[in-house]
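Please find the structures below.
Each of the two complexes below includes chain A, the first together with chain B, the second together with chain C.
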Partner chain A sequence: MNQAIRAALTARVAGIGVLGPGLADWVQARAILRGEQTYVAQPCVLPVPQILPPAERRRATAVIKLTLATGLEAVAAAGLKAAELATVFTSSGGDGRNCHEICAALASSDRLISPTRFHNSVHNAASGYWGIATGAMAPSAVLCAFDASFAAGLLEAMVQVAVTSAPVLLLAYDTDYPEPLHRVRPIPDSFGVALALSPTAGDLARLAVDPAAAFTAEPATRMDDAALEALRLAIPAARALPLLRALALGAPGGLVLDHLPGQQLALELSPC
Partner chain B sequence: MSLALPPLRVARYTTTSCLGVGLVSHVEALREARSGLAPCRFDTVELPTWVGEVAGLEALRLPEQFADFDCRNNRLAELALQQDGYAEAVEEAMLRYGRERIGLFLGTSTSGILQTELAYRDRDAQGALPAGFHYANTHNTFSLAAYVRARFGLRGPVSITSSACSSSAKVFGTAQRMIAAGLVDCALVGGVDSLCLTTLYGFNSLELLSSAPCRPFDAARSGLSLGEAAAFALLERAPTQTTADAALLLGVGESSDAYHMSSPHPDGLGARLAMEQALRQAGLRPEDIDYINLHGTATPSNDAAEGRAVGALFGAGVACSSTKGAIGHTLGAAGGIEAVLSLLALREGLLPGSPGTAALDPAIAEVAPLDYLLSPRAGEPRRVLSNSFGFGGTNCSLVLARGDAR
Partner chain C sequence: MSVPNTATPPVDPALMREVAQHIVAALNLDLPAEDIDPDAPLYGEGLGLDSIDILEIALVLSKHYGLQLRSDDANNHVIFRSLRNLAAYVGEKRTR
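And now, the complex of A and B:
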């Protein structure tokens, strides 16, 4: 039934933003992923988001700095206007540091938490600050799928491109968890990636998903470089690395992205 | 050319809240204009506020093989799934469509964070969390979807939407797009949020909690009352012909305020965009809507902004009410339960009233002369709109209709 509408979902990659440990931006990440530069793991440095009004800039937490950096990089590379773009935010669990501070305060005798800490605790905090920074009133999806968050967000973004025939900005991001949460959620540092996807523009690559066979039992594609493979496994948003490598190399072919056990996302990459 | 978003049939739905377990108790409560709010006795909370607490969750247990998922939020999900033949309908859909062809899109704001709040109280001398604390299956935002996926053995696309108070309205949009794109034939959607200290003390820090039962759209409103709820719906493509007793999703509208993290745009511009988009997708004009289930949190700023936006778009005299005086603000579950109450309004010919509200705020009436329903009214609504707006300036409106009212 309904075979007619089961044409492949496609989207073109029009711009990329990256920020992570030892990865300052897409230019550097591209050189590393192409093997032109050696990957050296170093703590991720999050820039102060000058685009935010001063009050919001003071309140900006790591997830907000991370998504503004990667999102704006991708939008600029794509030559798109952030104010007009629909967005898909996806994170494996939100802001661990903010959550720790709240839970610690709630376990103390006075239980006082600051209003800023509370409004920063919502999973859509990064989406809210993005809207304030860019003026975008377009729809913003805010997803979580634990370790499957990158693949789930990519699928949602590709579906939106197909359904709306308009560009969509995907932002996947995770930040570190402090102790004692770190022991049960050992995310060591921040990693963010943003992909500006478009139905028609963009010359980096064309992505395709077969809606009748979006998932596969095949294992996820790995990174050859041991340090990059360690990064891929350590931070859920870095599950995007095999896709970023294929984009850096301009390598066509099939790709399997980590999603859920026994249910990985099958992606096809082709030149534009 | 964008893909058409065809009407979806709401094949089955259910809800559980402080008003009771399942649909029958909610219909009775709506008829009687009953509120389920009571003075807060939750956990060790010492705040002068009222809450909509679901009875019996402390004693409820998940099936043995899912013990790792045990937390208040997943217990509430399980309790709701067992009502109104919902779980059986999911199992039938799995036989009909295959478990890979059913999407699972749920909304929650705080998921099982209560489990972590309790674990922090039990940290050992070194500050470590107690053994047996299971972060991924309880606290993590995805744990709700992980539980429901495991319980049924679903293998289709799955995600949690966590956009504060619009979460479980926006999942209807996700389902609509996934079905239109041909990824799934059917979608299990809904939302679950449960009481926790983060939201009680958090809204208290923002001075947004009322010390009395909340009074939406009343001049004397002084903030919200928190509640907890679960709501689920099963969506599939609507046949070309549907009879009056079918329930349809005709439109979803989404927007962002781009204004402030915890205050809505004063004129409700983002809210208006979401309502307009939902109407456009449904192919309807404002006058086609017979009732609006307002977001109506009873905070001074939300109700003023929403009143302005609704008045500007629908003009004078549109029948509307907020049902948060009955169930409280259930945050990530609000969009789901209010969609279900809107479906009940269509099915039962009953426009819900607004328990706790004595009169429409004259300051709102002056700019938006709404037909605000203080008590339930019998009627024959054919198409209704349900509004859900949240922190971070996230907005979503749904248009739901009887099968004979496309």
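And now, the complex of A and C:
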């Protein structure tokens, strides 16, 4: 193993965006995760993305609204320029309601699918709308790793920070499925988190993954609050919550994020 | 091709209103159906629709009225010129 691979994978957190049930933004989420405010589960409210041109705004699905809200919040907090920022998008399955509508059309007598639904069904739809909204021409990766999607995205973003020595915006997001898909994939609501990661700037925390011990059989770090733990387990993108709590508290130390069974992601947080 | 190539083909006002309502609903337009100018261009200038919108309209009207609106029809520029032309075409070709 050469020196470059043996060195810990590190990135600084420069900005955070959050939107989910009962979590309107990072400011509110931070207060809840610090225990300064009680968590009250409420349906996630997705804002209309005014940054999009009118035609794209009319067609914006939940994943588009979610990623624009969280991504722009993280970028603004980091003081970075969205147009210049490479992105990593990660989602366990894209837009659940759009998928439902296409399935319903295919099950109907004429099987004709809405072109708008079709164009919104690709897994990189959120990345495409982000590019239109921000004018970003930087590389964009789009991942899917089912329930491991957040940890897989974080690892990919940290590797990109290390390889390119440039900031990377990570956007993790999932949306609900209506019935009958809900019965087999019971994601109850939308949840999104965005982390602006940088090799040198950013004062929220320093994240490190030791390549020799990146994966562990230890169980994922849990949330003390029962409602937040339920949220963590219910929506794949919310598997980020233990990391968000550590960032909110500024708490140094190790934590384990849900990834693959027997190969959970071990992460070390330290102050900048 | 039997759609008259004029700016004002004869059309049932009730059907034109109904077609306008389908357009507003299908495209999630932020305006009342009655605000669509029957003679303004649907595409580009005017209502500001793009090619995906036109495909969406074709799909919704095909399903609702049981007619064919094909993307390779040489007369599409006439059929989709305005709400009035589109409603006239629907009135002539509808099977339900």
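Rule of thumb we're sticking to: the second predicted complex is superposed on the first by the 268 of 272 C-alpha atoms of A that agree within 3 Å, B and C clash if a C-alpha of one lies under 4 Å from a C-alpha of the other, contacts with A are read in each partner's own complex, and residues count from 1 in each chain.
Here, a residue touches a chain if its C-beta (ideal position, glycine included) is under 8 Å from a C-beta of that chain, and two chains touch if they have at least 3 such contacts.
Note that the structure is a prediction, hence the values are computed from the model and not measured.
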item	value
Contacts of A:160 with chain B and chain C, given as first, second, both or neither	first
Partner chain in contact with A:183 - chain B first, chain C second, else both or neither	first
First (chain B), second (chain C), both or neither touched by A:58	second
Chain B versus chain C as contact partner of A:112, first or second or both or neither	both
Footprint overlap on chain A, comparing chain B with chain C	59, 112-115, 119
Chain B to chain A touching residues, read off their complex	1-3, 5, 100, 109, 113, 116-117, 120-121, 123, 127-129, 133-136, 140-143, 145-146, 155, 157-164, 170, 173-174, 177-178, 180-183, 185, 197-198, 201-203, 205-206, 237, 254-262, 269-270, 273, 390-394
Chain A-facing residues of chain C, complex	27-30, 48-50, 52-53, 55-56, 59, 62-63
Complex contact set, residues of chain A against chain B	1-2, 5-7, 9, 56, 59, 90, 92-94, 99, 102-107, 111-115, 117-125, 127-129, 131-132, 134-146, 148-149, 152-153, 155-156, 159-160, 162-166, 179-181, 183-185, 211-212, 214-215, 260, 263
Residue numbers on chain A that touch chain C, as the complex places them	54-55, 58-59, 110, 112-116, 119
